[in-house]
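Each of the next two complexes has subunit A plus one more chain, namely subunit B in the first and subunit C in the second.
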Partner chain A sequence: MSLTLEKKEERKELRQVVSKRIAATGNYAAALAVKDADVDVAAIYPITPQVQIAEKIAEFVANGELDAEVIHVEGEHSALSAVVAAAATGARAFTATSSQGLEYMHEMLYIASSLRQPVVMALATRALSAPINIWNDYADAFGMRETGWIMLFSENVQEVYDNLVQAFRIAEHPDVLLPVVVTLDGYILSHTIEPLEPLGREEVLSFAPKRPRGYRPVLDPDYPITVGTLGTPHWYYEAKYQQVVALRESKRIIEEAGREFGKKYGREYGLIEEYMMDDAELAFVSLGATASLVKAAVDRLRKEGIKAGMIKLRVLRPFPVDEVVKALENVEAWATLNRTISYGAAIEEPLFTEIAAALAVRGIVKPMASFVHGMGGRDIFVREIVEMYKKLDEIRKSGRKVKRTYFWGVKGHDPEEDQAM
Partner chain B sequence: MVWAKFLGVRASNSRGGTMPRIEIRFHGRGGQGAVTAAESLGEAAILEGKYALAFPEYGAERRGAPVLAFTRIDDKPIYEREPILEPDIVVVLDPSLPPQIYLKGLKKTGLLVINTKRSPDRVAEHLRGSGLEPPRCVASVDATDVAVKHIGAPIVNTAMLAALIKASRVVSLETVKKVIYDRFSARPRIAEANMKVMDEAYEETEVVCL
Partner chain C sequence: MALSKPVRTIWDIPREERFAPGHTMCQGCGAAIIMRHLTKVIGKDAIIVQATGCVEVTTTAFPRTSWLNPWLHLAFENAGAGASGVEAALKALKRKGVIDPNRKIKVVAIAGDGGTFDIGLQSLSGMLERGHNVMYVVYDNEAYMNTGIQRSGATPLGAWTTTTPVGKKLRGELRPKKDLIGIALAHRIPYIATASPAYPTDMVEKLRKAYETEGPSLVHIISPCTPGWRIRNEDSVKVARLAVLTGMWVLLEIVNGKPRVTVKVPKRKPVREYLRLQGRFRHLTDEEIARIQKMVDEYVEEINRWVGEQAIGPVEG
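After this line comes the complex of A and B, so read on.
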């Protein structure tokens, strides 16, 4: 009896070695991806809840597991400046931040993308002060929508790793040359233990190989160029339009990377992920780890016989407009669920304005609504998302026009009151 | 084989499958290692080929303050990232916590694993005396005594993990011991002490199912 059990255990162990399945937090997964991508330069100013990314990378370098230059900086503005400069010399460069740290590096965000430097950043999403709050929402990430970065959102710890691996390949592609940010929900991914199958350095470097130094213009004393000159009114606009085109065209490379990742490792990534959308009548669009909760809500609604579906935006920039429109074309009603607020906007949930506009210019109008919840780490419960779907169902049936965002879960507040304001 | 009885009476899986989902909530105070316990359990489940999420309730972390941590285990990917309100199992690292708090939402068919000198029967009696209904199964161990004996400090998380495993078999003791050993691998003396803690706590744990 015990012998059989032992053999069983042995077999189990063997299988684990083959799949290399480990338990990891999102922060650890991010650090591991950086190690496996053999990053040359990292400059990270630690901030909650991203600290362990900085710690782990420093540890990998100290242990000799990663041969990288870790630049100690006095703040996030310098952190991004350092990696932009490193990238300009041809190095593979990485930084990570969160919340106030991202705000502090904000002016450098534009400079990274305008100088077309392929740096990669991990962003542990977190609320913005005030009041001071260290917990998760997407206010920091949504604040960088206009900065010209490619933005990938992660739903779970595995996606944190996989997105970062793909980020290096996308950013450094000669047809792209743009910075890429990969989000991980603060605490909800950064500090949660989940299964992770890392690929290891050999695989990562075969998927996202380091290119020969001269493949793009770099700072080289033997062949001097200048980076970051004055752009007078004569030429500034043209440079900006090039960024528009570059972001549009990066879509092809992002798609290609996701497809090939799937072919090689069995986990395929698109610009969006559709969940139970084939026959869906009601669809929610969401992103990040919030998408997990929406999937759970869809599972419950399907058991009740309600044809619910979900669209997860894996890529926020460039916005996957064709994919989202196609996915929403056949539903009867749609809504967004987001953890950020666009203060004073026509519709205060920002995903909605974008999707509604994309549908409207194509002449598609149907019952729609937008929901905000989960600000500053407020827990969103699956049962609340089920209620939101039922609200959308009621809107579909009544044909009522919803002109304001529903602020769900605010204490002492009936979200329907927003409609009257 | 009381634990088998416990697993047999539980039916919490919402999505079908061979292994029902198990939701475990740890109650402790800052410094006792509740978060490490939840994480180590999750890690052990993952090493055994299951899916797991393990996460603490983040607050301002300080020694002595009440701490909550959660582990959710399933044989399928887990989408529910919300805190656990209706656990199958509650693990109490500090008996001075009010039972009204740690019993909140615990399923009637569930299991309470508690660090106390009292026997499970006495725990149930005591709860009834406070007007509370004990769950179907109660397990108890004097984890503080075992931890102080081997580690020299009342860090009871590893003892409570052993008690939890004896009462529920949610993962194997060997896997959790491996996880704990690896966690302390840089400090072999502490790692070894925790192995003794887990063996003794496992032995000492009493389980009673009604």
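After this line comes the complex of A and C, so read on.
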């Protein structure tokens, strides 16, 4: 909701720490965050639409603006392997990828989190082959939900930068020590120029200091330990449970980082963002840059007198279950809008299953539906989201049960047909 | 302290043991001998990155470990990439003063033949091509022994494995071994060597030189596998020695592209002597053995031409 006048004044004052406002693409913002965080090792393999992150970092290093080792790896599997090893040696380590590249490094995603190595990755979200498609959807990101990473979604270019700055602090926090991925919607954020207020190196390093107290690299000749051991059935399970607890408890550090970021720089971040939810009757849950479109739809619906609201998930992992439940508790009907498909699942839109389960175990059942749209970079128009809200309204009023995901915007297909299948 | 003096006799090999006992490697395992000597050479200030494989699973069953060095295992195919990451981190951290820039910390990658010749070849190639200061040690037992003796790109012609069984139509491995040294050479790295645990002074000296090399180095060591080669536990060193004496395994050193045979064999033994000790070659007929002999003869000729002398002599009559 819009800020009050006093708050705006306050923000202006806080902005004094900010030196300048520039125009930047999401990719440039990501590279800038890496530079400001004084990353020691970056290993990046080129893939569209992420390439400019690698190019820009290489440029910073070539110009002496960033003192880092850039490893020109021969593939994404090696990219993540190298940064995990670099982090284990005590370096602040970064990689970036997209789509097929993320799939190619998939094996290492689990190893990064299981070895508790605080690497930070930028993910320019993009559809998965086949057919080959370089445009935006969230299939790649949703494929890494089970890999034990902390996942932050960005709505705009500023959030790409801010999330990455916070990611270094969260990942390397001695109570966390987990890898963090920050998404930027392929093209929609990676290649779109928006205003950006970078904080500069001094501020970033004071907010996310390198090698914080209590953090020590695991590969140290003076304290040799064996990392990546064989875990027999006697011990494997215990290691896995520790990961469960670590990810659960990382929530506190993520919240703390978002709060302090707000205090220092005027842009506060929570696990979720609520938009027009105070009196909302119909709510959509979405994430990434798609959330901006939903907000625009909410504005239109409000003008029509429909009490619409929306929830943006900034953090997908650990899932902000209490926050989402609390936000949806008082609405009359809710739905999800996502750019990915969970093929063959009970409900084919994966965000929905998580939220429905979170509500159901608390005994909260109300009219609900799930929507898929925007696959492979298909544009989602605000008017279409308005229609989705109206569909949800109709479901609320009729009380009918929606058992399948609505695949909105498929050519020559009436999404209502799926319900009969 | 890493070994800094040249190794001429067995007495030059450090007494200190840095490969802790209690691991679960087989009796007579060639890789165990290699690891024991490797850790003597590299000393304390070395970070080891190891690929998945026999050595990894037998030395690190939590909560036990055989390693007195900082040791990292990521996955099967990425010892080269992991070592690249450690090396890059050391470089950056030294430059930034986080680690004492005068301290020498060597990065050592260890992998088997599967993790090197096959699934790890891309990662190895990247590491060599980018010129990382890493020594890469391959213990080559000529098949996927950890998973139960499946054929790899390093399996020699005619060898039985569980995926190249001896049947009525097909009789063991159909192709000769992949030329790893040729692949390493193509990357123009400063130091490449082959070694054998049957020649410990030669092996340790080569490991020492690989350690001293600035830039990527690769030491390819034959590693007899008692269950996989179907040999008696007490025969593994004997078999490793016969590989050299028959010319099937030539002890080479290639410094900046210049090759040299380090252990010359004036009179070769027939390959039959090497093959007959091993159950994996038991099925071979005289004709098939003659074919392998011919292949080795050609290989020896090629090596002699390459090093510019008759380093490996004719088969003794």
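By definition in this document, the second predicted complex is superposed on the first by the 398 of 421 C-alpha atoms of A that agree within 3 Å, B and C clash if a C-alpha of one lies under 4 Å from a C-alpha of the other, contacts with A are read in each partner's own complex, and residues count from 1 in each chain.
Methods note: a contact is a pair of C-beta atoms (placed from the backbone, for glycine too) under 8 Å apart; a residue touches a chain by one contact, two chains touch by 3 or more.
Quick caveat: nothing in here was measured; it's all calculated off a predicted structure.
*Asks:* Overlay done on subunit A, so just call it for subunit B and subunit C: clash or fit.
*Replies:* Aligned on subunit A, subunit B and subunit C fit with no clash.
*Asks:* Now for A:164: first (subunit B), second (subunit C), both, or neither, which partner does it touch?
*Replies:* neither
*Asks:* Could you look at A:257 and tell me whether it touches subunit B, subunit C, both or neither (first, second, both, neither)?
*Replies:* neither
*Asks:* Who touches more of subunit A, subunit B or subunit C?
*Replies:* With both complexes superposed on chain A, more residues of subunit A are touched by C.
*Asks:* According to the stated criteria, A:192 is in contact with first (subunit B), second (subunit C), both, or neither; which is it?
*Replies:* first
*Asks:* Scan A:22 for contacts with subunit B and subunit C and give back first, second, both or neither.
*Replies:* Once the two structures are laid over each other on A, A:22 reaches subunit B alone.
*Asks:* Aligned on chain A, what is the least Cα gap between subunit B and subunit C? Give it in whole Å.
*Replies:* So the smallest C-alpha gap separating subunit B from subunit C comes to 29 Å.
*Asks:* Find the residues of subunit A that appear in the contact set with subunit B and again in the contact set with subunit C.
*Replies:* In subunit A, nothing is touched by subunit B and also by subunit C.
*Asks:* Quick one: in the complex, what on subunit A touches subunit B?
*Replies:* 9, 12, 15-16, 21-23, 134-135, 156, 187-188, 191-195, 289, 292-293, 295-296, 299-300, 377, 379-382
*Asks:* Residue numbers of subunit B touching subunit A in their complex, please.
*Replies:* Touching subunit A from subunit B are residues 14-15, 39, 42-43, 46-49, 51-56, 58, 77-83, 174.
*Asks:* In the complex, go through subunit A and note every residue touching subunit C.
*Replies:* 40-41, 43, 67-69, 71-75, 77-79, 81-91, 93, 107-108, 111, 115, 211, 218-221, 223-232, 234-235
*Asks:* Under the stated contact criterion, what part of subunit C meets subunit A in this complex?
*Replies:* Residues of subunit C touching subunit A: 44-47, 49-50, 56-57, 60-63, 65, 67-75, 77-78, 80-86, 88-93, 95-96, 98-99, 105, 122-123, 125-126, 129-130.
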